[in-house]
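In the two complexes below, subunit A is the common chain; its partner is subunit B in one and subunit C in the other.
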Partner chain A sequence: MSLPWWLPAGGALALVTGVVGGALLALALAAPGLDLADNLGDAYLWRVVWFTLLQATLSTLLSVALAIPVARALARRRFPGRGLLLRLFSLSLVIPVIVAIFGIVAVHGRTGWVNDSLALLGLGRIHYLYGLSGILIGHAFFNMPFVARILLQALETVPPETWRVASQFGLKSRDLFRLIEWPALRTVLPGVAGLVFMLCFTSFAVVLTLGGGPKATTLEVAVYQALRFDFDLGRAVTLALVQLLLCGAIVLAVLQLAVPSTTPLTEGRLYDRPDRGGAVGLTVDGAALVLTLFLVVLPLVAVALAGFNPRAFEVLGRGALWRAVGQSLTIAVSAGTLALLLGAALLVSSRRLRHRLGRPAAAGRLELSASLILVVPPFVLATGLFVLLRHVADVFALGMPLVILVNALMALPFVVRFLGGPMMEEAQRHDRLCQSLGIAGWQRLRLIEWPGLRRAVALALAVAATLSLGDLGVIALFGSQDFATLPLLLYQAMAGFRMAEAAVIATLLSLLCLALFLVIEGGLGGLGRRSDA
Partner chain B sequence: MPDQPMLQVEGLSFRYEDMEMVFELALGRGQCLALLGPSGAGKSTLLSLIAGFERPLAGRVMIDGADVTRWAPAARPVTSLFQEHNLFAHLNAGENVGLGLDPGLRLDAAQQQAVREALARVGLEGLEKRRPAQLSGGQRQRVALARSLAREKPLLLLDEPFSALDPGLRLEMLDLVRQLQDERGLTVVMVSHNPQDALRIAGQTAFVHDGRVLAAGPTRQLLEAREPAELRAFLGPSPSPSAA
Partner chain C sequence: MRFPTTISAAAFLLSALAAVPAAAADRTLTVYTYDAFTSDWGPGPAIKKAFEAECGCTLEYVALDSSIGVLSRLRLEGENNRADIVLGLDLNILAEAKASGLFAAHGIVPQGLALPLAWSDETFLPFDYGYFAFVYDTEALANPPASLRELVEAPDDLKIILEDPRSSTPGLGLLLWVRAVYGEDAPEAWAKLARKTVTTTKGWSEAYGLFLEGEAPMVLSYTTSPAYHMIAEGEERYQAAAFAEGHYMQVEVAAMTRSSDEPELARQFLRFMLSPGFQEVIPTAQWMYPAVDLPGGLPDAYGRLVDPAKPLLFPAEEVAAERKAWVEEWLKAVSR
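Coming up: the complex of A and B.
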């Protein structure tokens, strides 16, 4: 390849930073008499900052603290439904946030399953879903399964031979955790905790719907309110800058704690763990799994059951609904494709840094730079671009492209995450061979990379498109009678307490996400084709 | 030795983590050189520098009289066989060989014929359509060897491609390399940590230790002299390696 190594990533990063910088600048310039110092002296702002930090820290701690016993239980127990549970765990990553919130409300809400059961037992109803506890439940629903899966993967990298040695020396369960499992978890915890913190810090839909009032407002929601209701550009810029600096600094600090992992040496044989017996262990694992049932499984079940209600036919007959379906799909596929292109460009460069130029640390930083976009409030991006472009383009035509662009940027970290590993592995295997045979550029893409990577590409695109399909983000800002997505309709139905209608939309949106995911993953990924194994 | 060496390595330096390496080497046309030494000594790095996968800090690599130090790997008159991943798993044997003739895999009739002949020469007649997963470990390395032949480059670099094979199969492959070398007048550089391999096909041996070529010369002579001390330590306490 004759392209300089930095060109693909440089192009992608230039677009990303151009969009972010341009949007912030445009907002700052458009705000009449913007006085940062004055805004920063505002007590309201610091209350919001304090609450944002508080809920993000608690959410991260809760997610990690629950995920450790759950991952441990999954690692050492084999029980019926374990595979299904793991699949549900990955579902919680792609299920539309607003749909999951619907499920959480159906289980934990004022008239939810838990309260109905309490009432049946003659006990009083308890209101625990709104405010800080609601936010924590929502964030734990999304992040605990995600963290647990990553921790489980880390536990599975423990070489099986270790269990043989442990059995021989008669290590107790506690010692196993301290000496074997904790060091394995330690390599991934800072990274995953940093990511969860960032997701909770910038979380929007959960806080908007479950926060339940001005007392529980985060920076992200405050930005939205400043733009949508007060049209206070100056305050939005100030809030966005505070979020960018604060969250960015915290995430970078957490990442400093990361420990490099070592490649485990194993003969690949299986040995049994010595701590499967024991009443205490069984009780702890059982408790972790029951908690998982309430927190993760029941809300998903509620979503699955909800759509079958008497309002279904009437709701499904509405033209507005199907227009939203079309607009949602257009946004999802376009944003997913754009995210895939940007992510691939970044990774092409980072791969050359890693494999040809021998600079893995720099490559890691480049890949990380993609994640930092999550720190920027999407509303600021969208509004900034809107302000920037409103004089040169038709205002009503701008909504769709802006939603696509911003959704693509928000999906970028996930593309990098899903495509990065396979791309690096592919290079590990074939880079030298391609170099020595002079297979480069288009030929390498066609003959070598595509056959090897199509499944990973399909998965990355499927995740990006599905995330975008279910996203309740900037659409909340731009949505109108003529321009709506399913997540927005769902939010509006829930906000208006039209729960039967919401249930139908939630089910439809879930099925649509599932279908889009399967079509992309199966169609593009070539599932069902003969594999070479 | 002919006037102009086929391969000449002059003051070629490289750094990997804390290890500094400087290599000097010369090899005549049509000869076979074994790079012998403990693991981590820098043998494979030297081979990568010759093939062009790594960039040296200083020094130069001359092949057939040309200074190729700045050339891309594919442009060098060199073909490499690696320890593993020599083949693309999703392409069949014929396609894997064909890639050596055209990196876009657009082969004319003559090239397709060349692919079949190369496969036949390594004993894989009629197996063009097999994929790597349907071949044994030895057959896979034969496909890679067939590709090296088809490429018709004068210098063949072997980075322990047969070390994972059973002893009998390994010797069989080494003998095949030797026959091909004789037939085509190839110059061969082979990395090995086994003195028996060197004795079997390599007239020349260079002992690599800690990023340096500590001793070089005719294989039998070098192994019998057991000098310097590092070579003695590497070979172990047997009285004479040739007796084994």
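Coming up: the complex of A and C.
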């Protein structure tokens, strides 16, 4: 009566690879006279590849280089607002990219806060936002807090006894870093750097809005341009394949550097570090936190404040806006649910591999396969499927299901990440019991799994749905006046430089994301103590 | 061309909502076009109203984000597209559009066309024309360049905003303009222009919006852009710079699709397009020259615009054959 272990993951993977393979094949077949060799010989393509690698590498280095002092400062200082700052840091994972970009432009743009302050001081305005610098600011905004949080967690696993011994030896700050902190950071750095690299390599909205022209083009943007501007399907396929192979290879290589973590997670937060005093340490920590203020906090403040402007009433009165709200929510909830189902299917199989079949390495690879979807350009997926389906379905009805499907696939890695740990833990706790009592199938799901996993399921769904709600991706390809999401409306308002209107939409979208997140997390997860992820 | 005036946006929305049930006829004409055409301040709403009164049908716009984006969308949808009419392509992408095989011959003999060139195309009909120009802010720039060469050779602190030739027809227009003036030396000219470019936008409205926000003192637009400021705002501040080499010309066109299920209605629309009901809206909502002579003539402000003594235009076949290579050349030059 019990299903074969590989069936759930097999089904999910078949769907994912079927979609990816089918889309690429459909595009390749639809491209008249596709000549891969000819496309690959194009100098422009290699310039795009070079820029993609350059910006992804610099973005990763910058995010990590900033995150280390910030994590250190947060680890050794207690100051008012520290808790709030950490909360803002987790927000950067789910805040819609396009909303954050709005905040970044409001602070760093030519008529932004920084330039206004310079002008007030009688200094000239400076252009520094558009181009590579803009891309780096954008990527650091998203990734530095994310990295800092993970590094902080790693630092907090250092047992209090270590600090006691360190102070008995009278170690200096630099030695503490070398001997204690670096080894702790070393266990998580490759994994997190790999993920950040992958996110920056495939970044779309940041590059499109802050890149400032053809000079700053990444593979992902070039794919979009090939499809949207030139309708050059062959070039889009070539670019997608280059991205897939290159980014996949790099990420796999970085993951090889990972050192298995041996320290168990402890709650040991109360320790006394010997390096809290000292002017140098204080200055470095202060500088790191001030930088964080400019980079992360001010753009978020700008978003929160901007919506309350005189245009708010008029913008909120528009029918098109509320239609977009409805369509955005439909997409978000559907895509989130689909991602959750796919992720759970993968994890059911990988759990079986790990616990009953004793093959943890294979289980790990299975879970990793879900992350690799991130290197496939979503535009290629959507366009390929569109070309495949346009003969059998109404072309106007296709937009919505395709956006849902592609958004679900893009949220899959996050579901696996948030649900994976709790599911493994659950199995560790109850698998033997269930086996000996013969509880399986629906009964096991209802009696054992659901109560234990409810909160994790709710969190995974909330993250997946919120990410989808804020996504400016394939909607940019299918949007029209009848089919639009809030992120698309926001992008259009910003592109037309209707900043007051953009501000209202940005605030509305943020509130909607927050509400959706809380409703799913609290409603589905049950009331009670919220997880702090 | 099209301009944002926010005053009547809400009022228009209400009237549009009220108009829907009244015009709920069973025949619908679907027009694919770019967003600025259908926006509240563009010519779309007035034209919809006038045509619906004449045909007893519903005119439905599908607004896409740029003119070349309209063609890409149509090619993506292929034979299964829902358009009856595609409106807003221009002369320079005409050959490519025709090669897609998605358009049908209009079978109309146009009467009274007043274009500066002869028109004999069997698929596309023109609905307006104009000349590309750099529009500048007289308060930020006292002495604008007097030729394209002067602009290219100007110091790099003269900042300009351009449109992308892959997505927007003004962008493509400048590409051809530079080619017409510089020939084989176009890449060097582009490298120099790139150093002055604040940003390259996807479409005209983004670029013009940034210009009005003061992000740069010059923007690629049309000789007719100042007419908007003169007529709608009583403002002489924004002017087009006259260039000695001449100005590249644009003709905006429309055509009916092969897959249309309302070919008669589509043909009726194309005829309407060349009648006063459509054409009279053009000078003061699209801010371009109408394709036919208007009974009442042009608004006075048009008499004060830059008159391009020498229109520049490549033969359509040459553009069709070279466009891709020239775009590649531009990409390489500006991404160096």
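Assume the second predicted complex is superposed on the first by the 517 of 533 C-alpha atoms of A that agree within 3 Å, B and C clash if a C-alpha of one lies under 4 Å from a C-alpha of the other, contacts with A are read in each partner's own complex, and residues count from 1 in each chain.
Keep this in mind: contacts are C-beta pairs under 8 Å (C-beta built on N, C-alpha and C of every residue); 3 or more make two chains touch, one makes a residue touch a chain.
Everything numeric here is computed off the predicted structure, so don't read it as measured data.
Residue contacts after overlaying the shared chain place A:R429 against subunit B, while subunit C stays out of touching range. In the superposed model, A:L437 lies in contact with subunit B only, and not with subunit C. In the superposed pair of complexes, A:I448 makes contact with subunit B only, with no contact to subunit C. Within the superposed three-chain model, A:R390 lies in touch with subunit C and out of touch with subunit B [touch as defined at top]. In the superposed model, more residues of subunit A are touched by C than by the other of subunit B and subunit C. In the superposed pair of complexes, A:W50 makes contact with neither subunit B nor subunit C.
When both complexes are overlaid on chain A, the residue A:F308 reaches neither subunit B nor subunit C.
Listing the residues of subunit B that touch subunit A in their complex gives 48, 51-53, 72-75, 78-80, 82, 85-86, 88-91, 99-100, 103-105, 131-133, 151.
For subunit C in complex with subunit A, the residues that touch the partner chain are 4, 9-10, 13, 17, 35, 38, 61-65, 68-69, 71-72, 75-78, 80-82, 164, 166-167, 194, 197-203, 205-206, 209-210, 212-215, 327-328, 331-332, 334-335.
Those residues of subunit A that touch subunit C in the complex are listed here as 43-44, 47, 110-111, 127, 130, 212-215, 217, 225, 227-231, 314, 317-319, 383, 386-387, 390-391, 394-396, 479-482, 492, 495-498.
Considering their complex, residues 429-430, 432-433, 435-440, 443-444, 446-448, 451-452, 532-533 of subunit A touch subunit B.
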